[in-house]
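Before anything else, here is the set of structures, which you'll find just below.
The following pair of complexes shares a single chain, chain A, combined with chain B in the former and chain C in the latter.
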Partner chain A sequence: MKKVSKPERGTYPLSGLFRERDLLLRVRGILLPYGFLAPSLIIVLLFFFIPLVMVFILSFTNLDMTNFGILEWWRPTNWSLDNYVKIFTNRFFPKILGNTAMYTALTLAFFNMGMALVIALITTHINRRAGFAFRALWLLPRLTPVVVYIMMWKALAGPAPMGVINKYFLGPLGIGSGEYLLHMSPWVFIILVNGFIGASFGIIIFSAAIEAIPKDYLIASKVDGATTWQTIRHVTIPMIKWPLLFVTTYQTLSLLTSFEYIMLLTDGGPGLYQTEVWALTAYHRALSSYFGNIQWGYGAAWSVVLVIIGIVMAVVYLRVFKFGELVEEPKIDRL
Partner chain B sequence: MAEVTLTKVTKKFGDFVAVNDIDLKVGDATFTVLVGPSGCGKTTTLRMIAGLEETTQGEIRIEERVVNRVPPKDRDIAMVFQNYALYPHMDVYNNMAFGLKLRKIPKVEIRRRVHEAAALLGIEDKLKSKPRALSGGQRQRVAVGRAIVRDPKVFLFDEPLSNLDAKLRVQMRTELEQLHHKLRTTTIYVTHDQVEAMTLGDKIAVMKDGVIHQYASPQETYDHPKNQFVGGFIGSPAMNFFNARVGTEDGRVVLIGKGFRLVLPQGKGQDLPSEVEVIVGIRPEDLEGPAPEGENTVEMRVRVTEPLGNELLVYADCSGERVVANLDPHRRVEVDSTIRLKVNIDTLHLFDRESDQTIL
Partner chain C sequence: MKRLFLLVLIGCFVVAGGLLALAQEEEIVEFYVRCWARPPMESWRGNNIVLAVAELNADLEAAGDPRRVEVNLLQDDPRDWGNYVTEFLLAYGVEEAPDIWLTGHEHIGTQAEAGRIIALDELMKEFPTFNLVIDALWDSTMYKDEIWGVPQDAEARPLYFNKTLLKELGWSANKIAALPGEIEEGEFTLYDMLAVAKEAVDKGVVKEGNGFWMRPKNGPDFTALYYAFGGDTIDTATGKLVFDEAAGLKYYQFFYDAAQNYGSMSCLHGDWSLWHGTITDGKVLFWVGGTWQWAEWAVEYLKELGGEAYLWENWGFGLIPAAVEGGKPNSLTHPLVYTISSQCEHPDLALALLAKVTNYGPNTRHAIASNHLGILKDQTEYKFYKDSRMLREALYMLAYTTFLPNNPDWGSYSTITYEALAAAVGGDLTPQEAVDFVVESLQRELGDKVIIR
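After this line comes the complex of A and B, so read on.
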């Protein structure tokens, strides 16, 4: 192979040509990354950003099925804050807000964080293979089609002799057997149904983080005189702070916007607005009212408020937990 | 202050025997070094003493107590790790205080002990720092500090200096030595570095393949290695080995090998069986020269020279065998020249070719 060296500038008469080609190459070098980004950028723009702007605009209009095609929703003259006034003066507004807060907080505390952490800790402290198998088992609800999963729960909650819970658990204890449990305590089921699925996310993240802690820290703590529980409290948990905060934030936001399980399980019932959460209201108002009363504008306003709540929550988490500081810290501290 | 006694201790991982039936008695207040190549079982032995590995067979005692079934936290030991294992989320003070807090020692007492240890190690101004803000040497001091605040019966060191650069390693080595003189706590120290072993140990246990080959003072180990492995492992550069046959000449024993002929002093090696095949071990520092032709001189061709200032290492070729000699640095030795070196016959080592055991 002959060694090819770059010609120096001005060495021969055609050097100007080389310079032009250099420039071309440089421009291409700058543009190329954008070229690779373009497809996803276009998709995000088309299917996320533009609809987002549209929803935002719609939330200021009273577009519904009756004036569809007539109302020029894009004209600012047709915009008003009426929808927002309607939301905050709605007599079910406190109920819906309370439902959403309770649903999010309880599911997060007991399942998505609490149970996820406990199961992650247990499965990383037992035999590796058994732990792995157990965690895999927890993924099943997430892999089950939503409708099938909800049907299973509905069947479980049914009255005896069909309902397994009534027949085999509550019946023998003499607590009851005839009621449809889903109607008796809908919140218990909503939280269980969401929690069993939500927990698997935390389980995966936490157990991966726990297993990534260098064993020497745990050995050092053992030699220092810590019991297993003390090691977990003083070494393991502080060292998985970042995933703990990440899952808290991520799950809060996804619980705030989730409604499909509740819709299939109780559809906001059984009592009036008994289990109606914010995201479900937005859906009901915008897309699921009876024919002739589908209120796109009003529903859009509910979604916009939810998005704002989500953004505020995210910012609060970022501030309170000082994410910035955590990110600066190398996650694997090679000491 | 405590004695540590290992009696017939064996550790198996599946079919692999990591530690094979070893006996070791570490005297009270002594500094004992377990040294050997990687995979020799030294770290496993240390971990068994710490209680981090169960013994497959045998008995471990700290003082008079059998500790086989005692968890690490109740053995009253402290351990220093190669990578320090300082908790990254705690500052230096809390790293050192952690073990004391777990033992529910009063706060005032914890403060006193941590400050005392920090003063001893010269890290008082670092107590509020997180480990990641410290240099390697400082981290190692904190790790040592964490061990000494506990005032344990036994210190266990697992290659504590291996992650430091050469200069710092020498400095920390002397500091550890001073510390031991002050505290006089029984110490067991694992290293693969024979220089660390020689300089730190009151006694050193040379291990290979899960067996202790020699357990003696550093000087004894150097002067009288029990077998060829110990001879080759202790001392730097390593001992030279040559195959030879035992013969006699005028009532004196001679060793005849490829390209050399060594005559032992009158009366030495008389009980060696004639014609037996042996391995001759000559330390680089037992070769002198260049010397004129004479008895017990060997001719060799110089391949590489390494002038280190205080010594001159000469790598040479003696009838196909590689030889290292440690010569006076002020003598001139040219690469590719032929030189003649005199063998210090009094410190010669002889090993049995079959069993590797020392026979002279």
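After this line comes the complex of A and C, so read on.
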């Protein structure tokens, strides 16, 4: 007769099943977040990381129109620092860098942050529907195709008698002589053109953040006798510090790499490199030239320097805005 | 039995005939043709090839060749050679390059060096119509002693002047009419022109900056003035690019003076529509343009005022004046050339098509419609060519013409020399600084591929 022994603790077949299930659940628990992340990870890998690596490698080569299909750009023997030497010894390098800094700083200060914050504050302090309608209207330039939008600005800035500003504003006032305003003050138009569109992003983020501030704080400040300015200065702005950091960082990087509006408006002119920014130079070198001396390697080097500038700027912002403190757990939750 | 034998024999004939017919079945050869052309003036660049297809197919049929050609034509105006060449390169990369590619002759060096187009010398021997082309034009298609393209058209780049404004300045009709002759004789120099431009600005006939204009951005025209000051771009012995410092200094001095002291050159803004608009509004006294633009101005800008009749009444043209009195005036031709891609599977047929369009009828159609100069010997005697006043009156300029060099690095050279020019015009660089900048940049970018003299 077969002896049936009592199974030891933990060796029941059912217990094994539970263990396997636990293991499966644990594995699933580990993999599931990656599964959710997978689509965006694949997109980032395919369309950002791999191109970035390729651009980085290209920046060390002299791949251009003359050796395309011949040069084995992926071989380290064909790599050198020549392109970077060419950039930093280029006579127009300081001018282009200065243009980029000025364009980014002024557009960011006056429009993407300044005007966006002011409009967000105003539209959240007036009738809710009116504020919403105003913000929706401000989105129109962003919805307009870029080429149409730029053509409208060119028509505004055109010489007399066709240009709208010359004909209806400056002419009747007797100011100027009907010049092409875009050529007289190209930077003013470039900053306006980019700023009107750029501001809409901040308006949406800031107004959402302001409306999310609990009303108790605002009421409490009013009960304490604070003026509107004091409420904004000491209650509203400190409470939207996170969106301020986000918009500043995002818009700085966006402005550093944007060039399409400038290309369509002035293409870096009217004077030599007068409105040429860094990203536009990278485009001109890598993809556009009258006689076709396209220099992919040299253009890639300009882009890589821009990526480095962008990373440095992002780190600076995180320090200035004290990102570490912003993501700390609230002290009340630690108790 | 006899009847059966007859039936079998007939059957055999039918089968043999069928097989023969199958063997003779037409083979369709599909060609892709890419042309740079501004419609409607320049549409004959591609349309002539389309018209030639029927004639070529008739030739093939008569010769018992089973191949028949079909053409897919793509022609437009990309406005920028960079985009146009990149398009060809990328198409070549995926083995979809056009079989026939019309491009600027200066691109031959790059594409021939990379093996993307084929040399035509041997194939051309079977098509004697190519002997009709003016010999000098073949020079523009040569690279390493071989022919890589078939000239499609040529043009002159004259100095235009506004007669109405000259009259306002006090010039008589006779004096204006004599101006092209004086330029040809070397009696009216570039600085004489600037002096008139300055006078026009001082007297309020034109605005400051509008005395003398060149094109609004980089392009071939500037090189003609560099040549006028004695410059050279290519060393014929080595095929290397050349920059002549002494000529360069005079060249940049001229443009510096024009902008800073003679009320000229407010044109380098890069905006073609503004450039054409200002000129056709009658606000510029002298400018360098192309003969093909005569058609563009007449059709697109001044049609309502009378088109070409208005132009003859109010505008005139001559050669680009000499730099010094008694010197030689010049012009610059930038021939477009048909090339055949190395991916073309039937280059003999592609060349046969090009032979068809390289003839008096097709080329004159294009010349008249676009105001490009003829490229064939004795074309001036061809009835329809003779009837075009502009072509007739501009033809003498071909005797004074110059070319861009066929060198793979011409693009880089041109960009650097233009940057220096724009900086001199803007007052950012003195003429000597402009020369130093060019020398330094050329040596850094091209190394020993350029000779500095």
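Convention: the second predicted complex is superposed on the first by the 282 of 335 C-alpha atoms of A that agree within 3 Å, B and C clash if a C-alpha of one lies under 4 Å from a C-alpha of the other, contacts with A are read in each partner's own complex, and residues count from 1 in each chain.
Basically, a contact is a pair of C-beta atoms (placed from the backbone, for glycine too) under 8 Å apart; a residue touches a chain by one contact, two chains touch by 3 or more.
Quick caveat, the model's predicted, so the values are computed rather than measured.
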Looking at A:Ser80, would you say it contacts chain B, chain C, both, or neither? Reply first, second, both or neither. neither
Touch check for A:Ile294: first (chain B), second (chain C), both, or neither? second
So in the superposed three-chain picture, is A:Val223 touching just chain B, just chain C, both, or none of them (first/second/both/neither)? first
Specify the partner with more touching residues on chain A, choosing between chain B and chain C. C
Per the contact definition in the header, classify A:Ser185: touching chain B only (first), chain C only (second), both, or neither. neither
Once the structures are superposed on A, label A:Val235 by its partner contacts, choosing first (chain B), second (chain C), both or neither. first
May I ask you to decide whether A:Gly69 touches chain B, chain C, both, or neither, giving the answer as first, second, both or neither? second
Quick one: classify A:Asn127 as touching chain B (first), chain C (second), both or neither. neither
After lining up the shared chain so the two structures overlap, which partner does A:Gly271 touch, if you call chain B first and chain C second: first, second, both or neither? second
Could you list, by residue number, the parts of chain A that touch chain C in their complex? 65-70, 86, 89, 91-92, 159, 180, 183, 266-272, 287-295
How about chain A: which of its residues touch chain B in the complex? 214, 216-217, 219-227, 230, 234-235, 238-239, 241, 329-330, 333, 335
Going by the contact rule at the top, pick out the chain C residues touching chain A in the complex. 80-86, 89, 92-93, 104, 106-107, 110, 113-114, 116, 217-219, 268-271, 274, 408-412, 414-415, 419, 422-423, 425-426, 428, 437, 441, 444-445
Which stretch or stretches of chain B touch chain A in the complex? 50, 52, 71-73, 77-79, 81, 83-90, 98-99, 102-103, 131-132, 139, 146, 150
